[in-house]
Amino acid sequence: DLVIPDLSYRTGPYAAGGTPFSDGYQDYFNLLNARDGGIGGEPIRVIECETGYNTEKGVECYESTKGEGALIYQPLSTGITYQLIPKATVDQIPLHTMGYGRTSAANGEVFNWVFNYPANYWDAASVMVNYLLEENGGSLEGKTLALLYHNSAYGKEPIRTLEDLSKLHGFELKQLAVDHPGQEQKSQWLQIRRERPDYVLMWGWGVMNQVAVQEAANINFPMENFIGNWWAGAEHDVTPAGEAANGYKSLNMNRVSDLPVFGEIKSLVHDAGNAAGDGSNLGSVLYTRGMYAAMLASEAIANAQEISGVSDITAAQMREGMATLNITNARMEELGMAAIGPEFSVSCQDHGGNGLGIVQQWNAIDKTWVALTDYIAPDDSVTGPLIKEDSAAFAAENNITPGCL
Amino acid sequence: MMLENQTLAPSDGYVTADGRQIGGVMMDLRNITLRFGGVEAIKDISFDIREGEIRAIIGPNGAGKSSMLNVISGFYVPQEGEVWFNGAKRPPTKPYQVARQGIARTFQNIALFEGMSVLDNVMTGRLRQMSSGLFSQALWWGKAQTEEVENRAAVERIIDFLEIQSIRKTPVGRLPYGLKKRVELARALAAEPHLLLLDEPMAGMNVEEKEDMSRFILDVNDEFGTTIALIEHDMGVVMDLSDRVVVMDYGRKIGDGTPEEVRNNEAVIDAYLGVSHD
Amino acid sequence: MLDKSPVETLLEVNNIEVIYNHVILVLKGVSLTVPKGGITALLGGNGAGKTTTLKAISNLLHSERGEVTKGSIIYRGERVQDSSPSDLVKRGVIQVMEGRHCFEHLTIEENLLTGAYTRTEGRGSVQDDLEMVYNYFPRLKERRKSQAGYTSGGEQQMCAIGRALMSHPETILLDEPSMGLAPQLVEEIFTIVKNLNEQEGVSFLLAEQNTNVALRFAHHGYILESGRVVMEGPAADLRENPDVKEFYLGMSEEGRKSFRDVRSYRRRKRWLS
Amino acid sequence: MSADFLYGIEVLINGLMAGVLYALVALGFVLIYKASGIFNYAQGVMALFGALTLTGIMSGQVPFAHLINATFGTHIHNFGWNVPALGAIALTLVVMVCFAWMVQKFVFRHLVGQEPIILFMATIGLAYFLEGMGDLMWGSDIKKLDVGLPQGGSRWVEDITAGLGGDDFYGFFIDKLDMVATLVAAILVISLVMFSQYTKQGRAMRAVADDHQAALSVGISLNYIWILVWSLAGLVALVAGIMWGAKSGVQFSLSLIALKALPVLMLGGFTSIPGAIVGGLIIGVGEKLFEYLIGAPFLGGATENWFAYVLALIFLVFRPQGLFGEKIIERV
Amino acid sequence: MFYREAGDFKTSYVADSQTFPLKLDKVGFWVTMMVAWGVIPFVITDYWASALLVPFLIYAIAAIGLNILTGYCGQVSLGTGGFMAVGAYACYKLMTSFPDVNILIHILLSGGITAAVGTAFGLPSLRIKGFYLAVATLAAQFFLVWLFNKVSWFYNYSASGQINAPERLVAGFAVTGPASPAWAQYLVCLFFVTLCALIARNLTRGSVGRSWMAIRDMDIAAEIIGVNPLRAKLSAFAVSSFFVGIAGALFFAVYLGAVEVGEAFGIQKSFLVLFMIIIGGLGSIFGSFAGAAFLVLLPVALKIVGVDWLGWPTDLVAHFQLVIVGALIMFFLIKEPHGLAHIWGLAKEKLRRWPFPY
């Protein structure tokens, strides 16, 4: 069978984000089992392990599951990712960190076993700026952008990119750090109110998002000028603020819409009593993303099965499948999730996908996220060199000679 | 002024009632005044303690006796007055430094280290004699080990002396009151002090136990020549044991002299003894 | 030797055993009775188990990890082993603990008022009792506004006794009231005990080391040694008993010995072999 | 007046308001500490639990739904009714009192007379327990708490103060929720102070804090007093939970507000109810002003967490028992 | 009469102050040591090392460290996480600045650096006591974490602020870095545990240990007896931080390999180590081990029972885990407030008296 561990977190400070993602991730594999008997005839076995977003428990989960023949890890935590990168590399099990984790892992020649397609944080920063450029007729000259970030490795990721971009486009960048967990943001928002930046960009997670949206509403900051990244754009981030959150924008790496696949999940998984959670998250932003992640994994498995010719593949074959993955619109349509993500393909050198993202906006009346744009491309001329530089540093530190496997 | 002459002069010869020769002034308290906020616990008191004597401090409850011992220990710093020790005026000194100068004491409300065994409690009294460093102790090498054994031997002598061998390894928290008092005395003795301050060492004891305690006190005084200052409410004990007695009342000194003199002092009878004691 | 006068028995302790920490056996079968309106003294050396007996009666052992494993305690004909300390106080049994135990951060007056906690009468009568306590202990009145933690040992002892009086008790368990008190005060406190006993009919069970005073004021006495009652009888008889005279009163045939002479002799208990 | 100066004032006012919110949490600590010498680590979790229960009752959630569904394969989630806010608050209070009773009955009555650190540890166990229980009962998703408290900056204040400075000054920002919180906190503090100083129970509470054994010996029922204070602490926790829950939704992180209350406690003194308020205000103003004047411009921001503690530490060095704490009695 | 001391006579004071005065204890100790050094390294698997044994050993060191400060010297500290971070970052800086020096020396030096930092943060303890001090040490906790997060020199200016342990060898075998084998990690940790436990044992039985305990039990009396409070408290802070620093260095370099300060050394870590010593037993070295084992093993055991055996959903098990750990903590405290070590001691006392209960 195909063993897929799910390092989930349904408890702790980030449970609200971890739960729907994990639901979507598992439900999709369950759907494949129920509908197709697995992938390529081989049944899938999902092993769930609760991490509570805690790195030590993450390590414990990794160690306890890797011996079962795990094919791929998707820890949904930057901290755990950093733990697992060296371990998974040694154990030769691929790691998929989708839109989080170590950005420079996009360089497949240094990080042979790590994939972060379809997009990463530096792409996200660049996509945001490109969107704003478009909104402002191509120029951000003289504008002020404030970055409100979670004061941790995760939150600090976009800073370098944004600094480079600010030099390039002539906007001013203000950095506002928010300490974990982010319940108190009065100072930051008073500062925003005082200095009136044109836009506020946010790298938040957990309660920080809800409080930020509420505080933005409190100081009457124009919501349409407040843009979160894709981890700050789920339903639970905006609902606590009620109608005041109307107009808040965020990035997304996948589209949320009423996909046909949801119907199948409903009937074949939920109604059969196999829902991963309580079934209430179906179709939400993070559920969709979790399902999207599962789809990317199962496509890679199918790809690997095709390359290797065996159905019960190994982790090494899985890596092969991921490194040559090609996602097309036609295939997504076929899977009942048309245009859920951008078209992209992975290569041995580039594990990062093409970094596209959309901008969505919250409609508090209908309680839905509305996509405002089509997939926007990042500025590779800015992110590319940064990735090179950072991965080269990692390679030097760890005596890695870059190259394809 | 006047007092200075008085206290500095007679550094020799003082004969007690039973004919023992007592040494010169060891501890001299001059015009001590101690206030706590509005409360004046000690009001301008002067007295001295001579080498080798047993000096009792008596007085009604709240008179300031314990506070006086605390002044001697350096725990309370009097607002006015001077403390002379061994012929020199004592500069402001921390309590632990006072202890290291050879002044040991017991406490009115037993202050043993409840979490430690009797042996460890008594060994703590010997800190003055132990000097091996952190590093040597961490490795339990050289000085640390020899020093421990030497001091252990000394402590065992004190334990034997006070007849508490059988409870050596018992945690003190479990001991009955009287034994605790005895352990406290052992701890104070372990320091081999020049001056021993005892705050009501016999409170809560019956006659038999008081006799035991008296025996220890007399022996210490006699065999080691330790000077003893003693607070006690049992007049029998005080009158029998002490060479000289200070009487305090409401922070003032109302009498000072031999037991005989004090017993017949009108002020003392009024304030403290009530009826003249048998 | 038993005093057979037909007074009502208030408190009866039957053959109790107490164990601390599940392993340390402290009382090995203690029995005693406290008659109504009497002063009963519980004498004995250090560690004999006096405090433990009193705590067993007032049910305070629990919080010291001690428990009564055998025997029964009967107050006014009812088993009280399982009732809480506050029930006992409501029934009129209150203990004055050894070592004062005042509420350090409360003022003397507040300490006294907590004594009236279980009472339900109006403010006025509590106020009257406060005055009564101040009458007994004028020193407390002077220091009424000081925090108890900063008063002297004797003052704290007065405060503890005064506090117990505030609950209008029927029986007071007094643990070493004389400890650390000036002789005058000891006399005073025992006089107060006597007055309370005679005028208000309060019964006392008194644990004391100061045998001399205790036997002077008590009606009946028990002597405890290592967790057992070794002697009992009317106080007057005990006072005359040669052993008691020697070991607890410090008298021998030649009269009182000087403490200076202790180095030359040593008492040995005959009955303990 | 210059805009910078006015903004400084604004930061100060908001610091005061934030301080009140910290104080609300600190109050619960003080109550229990005063009455039992227990440093109640679970206070934050109690706030979370109170808020969770309140939202659960308001929205008619079935308690333990997930557990029931997982064991019996059912699909129950909701009773399908909504309870109005006031009714739900009353019901939640009943739950908090039951909780107090259980805490007393099953835990602390067995720990009478233990050292403070042991009691502290027991409250940590309690915190774990309650956290898991809250999740089991009500689920770990984020819930919106709406008991009808106003929210958002007050336009009124903004308009009347806008004229004070030049064009750069936009008027003072004061959150309406903060104003309500201030009012509620003031009422709570005044009534609690009155209670502890002037009533028999209040006195008994302080007596218990000093000496469990002695309190028992004068007939104070520890059980009763402790159920009383735990209930009071539950009430304070619920109020804090409502205020903080309205700000950020009801979810796990709510329990971490306890960490914001600790420096307040230190500064105000563990035993003083007014101390909690004054401490809260000083901490609130101190950390906000420091962030405004030094932290954000020179140190890269996010200094509030540690600065609150350092500020409290500095105060403590001069007054080891906190500003209003009872003097630590040091005698031998 | 399995367990007896009767007949176990001591003829010298040296013999009397031995670590294990009873023969049976001594045998037990040597058997444990032999298994730990001679058997486990040959059978250990990745899972056992990274999920159980290595964290257990490291936490045991931290717990011994905290126990010295809190259990022996009575100064409650909630800054353990911060001090572990100091050890970790010191080790990282040393490892990357002097790659040729042996890692074991780096780890010891990290302990030394942490001791210095700990002593500095211990200064307020001279005035501040009890829970006030506990909360004051949180200032250290928060400040240190903030510092390591903010000042990029500490993480060699890496983009994300994470630190990664490069590979370092001892006697030709990798002990840090991803390629280090389980047994090597285990042995390094075991080495330091043995060292620390030995030092702790020596210190606590001598005059230094007695002055700590005196300060703990009654600080005023201790001072009047002649204990220098400044020296006693600061030396406790220093020794404790030394151990905690070593634990931090091992935690980063050997166990996790990559660390983000706020996540790995946050306030929960401080609490966790405190729980360990309270559950294990304050003022007991054995208790530090027992507590560390309890809190490392219990969650894993509960997970295995709940998820693998009973097949419950992971989140339910995680919630129950909290409930059960919480309930167990309370249960143990009620049954025996002085920790697992004391339960063990009582059991021995009962065995000694067996078959006569009193």
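Annotations for the structure displayed:
Should a chain be cited, it is by its letter among A, B, C, D and E, assigned in written order, with residues numbered from 1 in that chain.
In the analysis below, contacts are C-beta pairs under 8 Å (C-beta built on N, C-alpha and C of every residue); 3 or more make two chains touch, one makes a residue touch a chain.
For each chain, UniProt lists the protein as follows: B = Sulfate/thiosulfate import ATP-binding protein CysA; C = LIV-I protein F; D = LIV-I protein H; E = Leucine/isoleucine/valine transporter permease subunit.
If you're wondering where the values come from, they're calculated on a predicted model, not measured in any experiment.
Among the remaining chains, those touching chain A as well as chain E are D. The minimum number of touch steps linking chain A to chain C comes to 2. Seen from the C-alpha centroid of chain E, the farthest chain centroid is that of C. Among the other chains, B has the CA centre that is most remote from the centre of chain D. Set side by side, the interfaces A-D and C-E show unequal numbers of C-beta pairs in contact, with more at A-D.
Mean C-alpha positions place chain A and chain B at a centre distance of 75 Å.
The mean-CA centres of chain B and chain C are about 30 angstrom from one another, to the nearest whole unit. Annotation: 45 Å between the Cα-based centres of chain C and chain D.
Of all residues in chain E, those touching 2 or more other chains are 146, 220-221, 224, 313, 315, 319, 322, listed in ascending order. Residue numbers of chain D whose C-beta contacts span two or more other chains: 66, 135, 140, 300, 302, 305, 331-332. Among all residues of chain A, those that touch two or more other chains are 10-11, 15, 19, 151, 179. By the touch criterion stated above, chain D contacts chain A in their complex at residues 7, 10-11, 14, 18, 65-66, 69, 73, 75, 77, 135, 139-146, 151-153, 170, 173, 175, 244, 247-249, 251-254, 256-257, 260, 288, 291-292, 296, 300-302, 304-305.
By the touch criterion stated above, chain E contacts chain D in their complex at residues 70, 76, 124, 127-132, 135-136, 138-139, 141-143, 145-146, 150, 220-221, 224, 267, 271, 275, 278-279, 282, 312-313, 315-316, 319-330, 333-334, 337-338. Every residue of chain C that touches chain B in the complex is listed here, in rising order: 20, 24, 43-48, 98-99, 139, 146, 150-155, 157, 176, 179-187, 209-211, 247-250, 256, 258-260, 262-263, 267. Here chain E touches chain A in the complex through residues 46-47, 50-51, 55, 96, 146, 149, 158-162, 164, 166-167, 177-179, 256-258, 260, 262-264, 266, 299-300, 303, 307, 313-315, 317-319, 322, going by the rule given at the top. Residues 58, 60, 62-64, 84-86, 88-90, 94-97, 101-106, 110-111, 113-115, 117-118, 147, 149-150, 160, 163-164, 167 of chain C touch chain D in their complex.
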